[in-house]
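When the chains are written out, they are named A, B, C, D, E and F in that same order, and each has its own residue count from 1.
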Amino acid sequence: MWSFFHKLGSPPWLYRIAGSILSWLLPLTLVALAAGAVWGLLYTAPDFRQGNSYRIIYIHVPAAVVALAGYYVMAIAGGISLIWKMKMADVAMKSCAPVGAALTFIALVTGSIWGKPTWGTWWVWDARITSMLILLFLYLGVIALYEAYDNKDAAGKACAVLSLVGTVNIPIIYKSVDWWYSLHQPASIKFTGESSIDPSMLYPLLLMIGSFYALFTCALLMNMRLEILRREARTGWVRKLVGA
Amino acid sequence: MYFDSFHAALVMDGHGAFVWAAYAITAMVLIILLLTPVLRSRRLRRELAGEIRRREMTQTGREGPHASST
Amino acid sequence: MAPGALAFCSRILRRQLVLALRRPVDIGNPLLFFAMVVALFPLGLGPAPAALAGFAPGILWIIALLANLLTADNLFRGDFEDGSLEQLLLSPQPLYLSVLAYTLAQWLVTGLLLALVSPLFAVMLGLSASAIPVLMFSLLLGSAVLSLVGGIGAALTVGLKRGGMLIALLILPFYMPVLIFGSAAVQAVAGGMDASAHLAILGAMLCFAIALAPLAIGAALRISIDA
Amino acid sequence: MLEAVDLGLVRGGRDLFQQLSFEVGPGQLVQIEGVNGAGKTSLLRILAGLSRYGFSGRVIRHAPLMYLGHHSAVKGMLTPRENLAWHISGEGSYSPGEIDDALARVGLYGYEDVPSHALSAGQHRRVNLARLYLSRAPLWLLDEPFTAIDKGGVAELEALLVRHATAGNAVILTSHQSLSVSYPVAMLDLLTGLAA
Amino acid sequence: MAPGALAFCSRILRRQLVLALRRPVDIGNPLLFFAMVVALFPLGLGPAPAALAGFAPGILWIIALLANLLTADNLFRGDFEDGSLEQLLLSPQPLYLSVLAYTLAQWLVTGLLLALVSPLFAVMLGLSASAIPVLMFSLLLGSAVLSLVGGIGAALTVGLKRGGMLIALLILPFYMPVLIFGSAAVQAVAGGMDASAHLAILGAMLCFAIALAPLAIGAALRISIDA
Amino acid sequence: MLEAVDLGLVRGGRDLFQQLSFEVGPGQLVQIEGVNGAGKTSLLRILAGLSRYGFSGRVIRHAPLMYLGHHSAVKGMLTPRENLAWHISGEGSYSPGEIDDALARVGLYGYEDVPSHALSAGQHRRVNLARLYLSRAPLWLLDEPFTAIDKGGVAELEALLVRHATAGNAVILTSHQSLSVSYPVAMLDLLTGLAA
């Protein structure tokens, strides 16, 4: 166990192992995504209330779910990097941000597109939507902070502080946005979520959620490999790798 | 397949534009997401290789007064 | 030999206040600023009195938040640029308390001041009189949280050549819960309900922020000084 | 007072120094040598504990230190008296008389109450140097203390450094000028280490 | 021998833009900032769509104004502190044009950018689609005036050790007419009326500002450099 | 090149100098002398036309001038190459090759593309001094140009100043170090005027 942690802290080992995981996980993910999308788009019956527009659910919900989970991955990695001074945790944290931001963006855009046919408007200041928007801000804040530092060592530490502060705040943010919404006049529009979902719709949804998790992992690993290369550019093993 | 024709699948009873746009945007974002690290690491590798080659070549060339310690 | 930590903090506090308010007229500047920004809203949103009164809590809270945003970047920047921050980090005094003194000084000339004059602006915007004590109290509590959170952003960005906008990006998401509870508290009272739950939450946030924010600020300063 | 073991520093992909070990004891006056960009400032900041970026090795500090860097830490809005009082407030308690005295010694008599931004470059630096007259720290780390100081000021400052070292304390400084003091100055070369 | 004044201006412009947007991500910062401040208003004022839609012109205009306020102080401060401003004043190039280039650069990354993305925010706040072109156009014209006026404030206060709040006090009164006409134009269209009179006034203000503000800025800079 | 007639300067209620008249012609290398706070910087700024506050008298400039002040006007966000290109852009057009050449001459070869805030204090100053290699202005006003520059750099800079003066141009500088050049240096004392 301990030696595993030790290895995790070793850039060349991590670089290699990430590469070998990607070599099978990435193709598998892409196939699963394509299958899930075709299944959801063409082979399921439409929702009796929303008609065909509900097919957006197969990307909207997975993106939203994984984007949320991603923040916790990022914050935990940040915490590890600050507390145990593990540089590779820092790399993982940094690499989470663009992936999480992209998924959050997808959730927002697809939700917004979905809103037009169902609610008749592109945007409402609903609690969940608003907190999703704040989540996007948090991700982008981490990216902006990281990019602003020239010294990437310091950048990693600074982002770790930020994401750790974020973990404390994320529950507060979610709770407060929820509260905020229930305090005000509801916008007379509700998520359709409650309706128990038909198994024929559920299975492709589950497949898509799984694929999005796998996709998150793949993108994370790819970004980590890039970041490792960048940070270790002057070490012997990278020189050998590049020179060869 | 649920739809009768390709055209029906495209229109989706009037919701086609929304659904297809959502999927298209998602696909685009995902492609960018997966492609950027690949492209960037390729560029980085090229730059590093170039730097190593340059260093080997300019070992004898003009050197800044302070670069001598490397 | 070295003076007590509290004596040191009180010196920091005094120095920061002297720097902010060197001349007597300077005390008026933040007040005047608030008055002008308060005036912006009717100008921009249109002067319909009923609508304005309903939105007064939100408007005043947004102004408090913006005042904090405008001043947060300066919290450590001057000291970073002229080397005072290095001296602070090298001094044998506990950083936790020093940092608390910095944010306290900033709060005194933004949050506290705004809270004290807020009744005037509330009346100008037509807020009902019964809501004014809660408005003041919520501003007192909430703006202190804003100052502490703003301090984290300031410490994270102080070593960067560009500041300004970046700090806003970092801290605005964290300001949002404070804004929500602060304005909700006032709206609750204005609507005849009880605001104690909101105020309790703001108080809890403040305790939390006092306990944790100085730690984060200290860590961030040490990172920034070495960037 | 201070031990440095196996220091190494890489900045911007350049090796500035490697395996630098030295020890500074009581009574030593050490001048760090090197061309522009050699790494003198970086070394001083590492010794002070301000910087770790790109750094490997170990620094053991046995005594409290005072660090004066490139930046003067003098606030233009405050007067020299206020600035000095603030600078030393972390270190001990001083009477107003002591503070004015220190200012007078650096030639700022009559300028105690002028806002510091109205001072000349050299006077600005002098406010900062006045700390040396009050400091109780045994180890001084000074980065180019003679910058902008006129000839008379340089001579006085040199005398002060010698007094400090003679009293059993230590000084490490960087400067592009050679010191003209009748006291042994150890030269620290970043590549070859300490030479007496 | 010396390059043409226009070539020199284009170099100033390029340098200022490089300084603002050194890295590609930097372009996103102002956009993100706008988005966050837009989100503050529903959070503070409440999410009721009808009320928000009514306030949308005012909110967007207030944001444009605040973005300007936040950045105005930095227009010349960095150049003053590092000595670049002295060099600018000593250079044989016409100060009028140089100063215009500075404000143009600032406008490009605040006003123009905000105007370009304002439709998105307008949709989020529920503004009717018919008002969006006028919103954009009024922001384009008006924010240029704001930048020029803000430049005067920046030039006047750049030599002073305290900046921030003082500049806000100086320029906010001049911002107010712009805010009034700008938001009134959008409100007029949203209410089904014609906005061309408002826009004409904004255009007149802009011409006026372009003609006079650089002169004032230049004079103020010469004073500040000698303070 | 430059005539100063009856200059007087009062700052903060202090008379810094009165009835100072002098003339600087082609080929002259003038060093302004004085203790800290004597008014050297103020005089240079007056000669450059940047300052008039507290000033009486008349300055007649017969030639374009270049002024390098205390502040380096080097932006940390920009690279040395960008900084230099910007500095000289008001004066003329230069090719990228000329710019890199000037940087190499001040010892910044290899640092052309490093962001300037990552440079050492001396390197930072050197970016600024690189302007001298490109400048076409006949009259140079330099305020403490040797600050933070190492010994080799000082010697090179002195040689450059002598070359400039020899070519029929003029230099007025302040410095607390004496120049060690084999060229006549006229000393300007703020109280007694110019002495050859």
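The rule we apply is simple: a residue touches a chain if its C-beta (ideal position, glycine included) is under 8 Å from a C-beta of that chain, and two chains touch if they have at least 3 such contacts.
The shown structure was predicted, so the numbers you read here are calculated from the model rather than taken from an experiment.
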Going only through chains that touch each other, what is the minimum step count from chain B to chain E? 2
Are the interface residues of chain D and chain F largely the same numbers on each copy, more than half shared, or largely different? same
Pair joined by more contacting C-beta pairs (A-E or A-C): A-C
Distance-maximising chain from chain F - centres being C-alpha averages: A
Suppose each chain is reduced to the average of its Cα coordinates; what separation in Å results between chain B and chain C? 42
Distance from the CA centroid of chain C to that of chain E, rounded to the nearest Å? 25
Taking each chain's centre as the mean position of its Cα atoms, how many Å separate chain D from chain F? 28
Using mean C-alpha positions as chain centres, tell me how far chain A is from chain F in Å, no decimals. 56
At least two partner chains per residue is the criterion; list those residues in chain C. 22, 162, 166, 169, 172-173, 176, 180, 187, 226-227
Could you list the positions in chain D whose residues touch two or more of the other chains? 35-38, 53, 70, 77
Multi-chain touching residues of chain B, meaning two or more other chains, are 65-67
Touching residues (chain side chain D, partner chain A) in the complex: 10, 13, 53
Contact footprint of chain D on chain C as seen in their complex: 1-3, 8, 11, 15, 18-19, 22, 78, 81-84, 86-93, 225-227
Where on chain A is chain B touching in the complex? 26, 33, 37, 41-46, 51-53, 55-56, 59-60, 63, 98-99, 102, 105-106, 109-110, 113-114, 116-117, 215, 218-219, 222-223, 225-226, 229-230, 233, 238-239, 242-243
Please output the residues of chain F touching chain E within their complex, sorted ascending. 48-53, 64-67, 69-75, 77-78, 82, 86-87, 89-93, 136
What does chain E use to touch chain C in their complex? 20, 22, 26, 29-30, 32-33, 36-37, 39-41, 43-46, 51, 54-55, 57-59, 61-62, 65-66, 69-71, 74, 162, 164-166, 168-169, 172-173, 176, 179-180, 183, 187
